[in-house]
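Only one structure is covered here, and it is reproduced in the block below.
The first chain written gets the first letter, and so on, giving A, B, C and D; residue counts start at 1 in each chain.
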Amino acid sequence: MRTEKRPVVSVIGTANCTEAQSRQAENVGKLLAERGAVLVCGGRGGVMEAACRGASAAGGITIGILPGPDPESGNRYLTVALPTGLGEARNALVAQAGQAVIAIGGGTGTLSEIALALKAGRRVIGLNSWSATSWEGDHLDILMAGDAEEAVRLALMEES
Amino acid sequence: MRTEKRPVVSVIGTANCTEAQSRQAENVGKLLAERGAVLVCGGRGGVMEAACRGASAAGGITIGILPGPDPESGNRYLTVALPTGLGEARNALVAQAGQAVIAIGGGTGTLSEIALALKAGRRVIGLNSWSATSWEGDHLDILMAGDAEEAVRLALMEES
Amino acid sequence: MRTEKRPVVSVIGTANCTEAQSRQAENVGKLLAERGAVLVCGGRGGVMEAACRGASAAGGITIGILPGPDPESGNRYLTVALPTGLGEARNALVAQAGQAVIAIGGGTGTLSEIALALKAGRRVIGLNSWSATSWEGDHLDILMAGDAEEAVRLALMEES
Amino acid sequence: MRTEKRPVVSVIGTANCTEAQSRQAENVGKLLAERGAVLVCGGRGGVMEAACRGASAAGGITIGILPGPDPESGNRYLTVALPTGLGEARNALVAQAGQAVIAIGGGTGTLSEIALALKAGRRVIGLNSWSATSWEGDHLDILMAGDAEEAVRLALMEES
C-alpha cells in the first residue's frame, strides 16, 4: 500500500516581521494544517515561527530547513528540524520543497526564495511581499492574495 | 506550548541492495516508527525504500531528501518528499539530518554519508556496512550492530 | 611570500540574451581582465559566455561555476570549469564569489543571484537588469550603471 | 578562438597534517603547476595550504573552495578564494572539481571527499591516505602512489 503523500507548502518571510505579518503567518499555518498539508519553512523566527505555531496548534507537521548545522537552532514549533549547514544556499531547498510557496513580507532572503521558486516552476503566492520588474518591463509571476484564507486556497489550488 | 520535537534518525544504504538488506532495512524502519522517531533518508529505492515501507506500515513519518529537483522521483513510502536538486551534495544533508545514522550495506555514496556524519559529530551505527582505516591505522568510529533491534537501540541510545 | 590574491567579480545574466546585452557583457569581461580581475560566472551561454569571451581575449582568468556535474558543459571561454551538480543552489555560490556582482539583463535565476548577493553583503551593479520593491516600498540596493565602463568602475570601486 | 581550458586537479587532506605530509603536498602543488594544471582545494590550512604554497611558488593558479562565507578565511597562497557558505557540503564540490583527486593523509572530511569523487567517476590517487572495505569485501578503487611525482603522473595520466 502506497503511503499517502501529503501536500507540501513552503512558507517564507523574514525573521524580523511585524505583528500583523505574524498574525497572517500564524493563520496561514493553521489553515494549511487543517487541510492536511505539511508546512516547510526556513525553521527560524518571525514569519517562520508564527506559521509553525499556527500549524502546530492545529496538529500539523512542520519541517524547518535550517541554514546552520545545529538541529537545536530552529524555532520551538518544528516537528522536524533539518540542519543543513548550507547557509543561504538552503534557500533553494526551501523554495523547491513545496508544490507552492506562500511569501509573507520579507527581505532579500525572501526575494531570493521567490525567484528560485519561480525558476523551479513552483506556484508563488504573495501576501504583502515583493514585486519586481525586469529590464524588459516583465513582472514576476506572483499570485497576490488578500488574506491568509485566499493564500492557502491558491497554494492548494482549491476552488473558492 | 512547545511542539514535541521528534527524534530523527537517518537511514542510509544503496539503491541496489540484497534481499537480506531489504528485510533489515524494513525492520529498522518499523522499529524506529514504533518508538516515535522520524525516519530521514535519501528518498530513493533499495535500502531507503525498504526502511520507509517498514516505517510507513507502522504509522511513522518518513522524509526523503531527494538528489533531483522532482518531488515525484521519490519512493512511494514517503510522507514528505523534499526535492533538493543538489545531486550528491545532498548526502551532507542526509548525514546531518538525524541525531544518529544507521548504515545498511552501501556503496561509495553511503561511505561518503558515513564520513560526513562522523565529521558532523553524529552517532553512526553500521549493519554490515563499511569499515575504513586511515594512513595512521585509525578506524572509523562506527558502532557495529548485529541486527535491526540493536541498531535502533544504539541510534536512540536506549539501555538494552 | 604571500600569493597576490586577485580581485574577483561575478558577472550574472541569462543564457538567452539580446545582441546588445551580449556586446555589453563582452565589454565588461574585457575591462575586468584588463584590470587583472578574475571573472566568475555560471559558466553557461548568453551573457556568461559573452563576458568570458571578452575576458579571455584580453588574457584574463575565467571561472564557471556550473549547475551540472559535467565539466564539459561549460562555455568554451572558461579557464576553469567547476562542475557542482548543485542545480540552482549554485546561484548562491556565484552570488557570493565576487566582491562585487555585475548583473546584465536576466530572468528569475539572475534575480535570485542579485538577492542572494545583497543578502551576503556584496556590492551589486545593474546594467539594464531587475528592479524590485518590497511591501514596505523599499527598493533593492542596486547600483545602476549606464555602460560597461561604469559597471566595472563601480565593481572595483575605482574613482571616476 | 576557444580558450585553452586547463587541466584541473583537486588536492585534499586535513588542516592538521604532519611535516612529512606538508612536504609531500607542497611538492604535489609544485609539480602540478609546472605541468600547467590548476590546483583546486578546500582553501584552508595544512595539506591544502602546503599544496597551494608549492603551486604558487611555481607560478600556478590555485583555487580554494571555502566552507564559510568569508573570502578572507582562505590560506594566503590562493589565487582565487571562492567562499561558499555550504559548510561540509562543499566537500562534494572539491571532490568533483578536478578530473582527478590527490588525497594526502586526512580525516573523515577527506574520506568523504574520496568517496564522493569515486561516486562522481573521478580518478582518485592516494598518498598515505585512507583505505576502506565494504561489507562485501570490496576495496575502494584508489590508485596508491608512492610519492608526489607518481601521484601527479597518475592524476594527469602521463606515461612514466
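The definition used in the following text is that a residue touches a chain if its C-beta (ideal position, glycine included) is under 8 Å from a C-beta of that chain, and two chains touch if they have at least 3 such contacts.
Predicted model only: the values in this text are computed from it and were never measured.
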TODO: Please state the rotation angle, between 0 and 180 degrees and to the nearest 5, that superposes the Cα atoms of subunit A on subunit B.
DONE: 180
Open item on the list: As a test of understanding: of all chains, whose mean C-alpha position lies farthest from that of subunit B?
Closed with: C
Task: B-C compared against A-C, more contacting pairs - done: A-C
TODO: List the centre-to-centre spacing of subunit A and subunit C in whole Å, with centres computed as mean CA coordinates.
DONE: 29
Task: Distance between chain centroids, defined by C-alpha means - subunit B, subunit C (Å) - done: 39
TODO: Could you check subunit C for residues that touch two or more other chains and list them?
DONE: 69, 84-89, 92-93, 96, 120
Open item on the list: For a test of understanding, state which residues of subunit A touch subunit C in their complex under the given definition.
Closed with: 86-89, 91-93, 96, 105-109, 111-112, 115-116, 118-120, 128-136, 140
Task: Contact footprint of subunit D on subunit C as seen in their complex - done: 1-3, 5-6, 8, 38, 40, 52, 56-57, 61-63, 65, 69, 71, 76-86, 92-93, 96-97, 99, 120
Open item on the list: Per the contact definition, I'd like the list of subunit C residues that touch subunit B in the complex.
Closed with: 69, 84-89
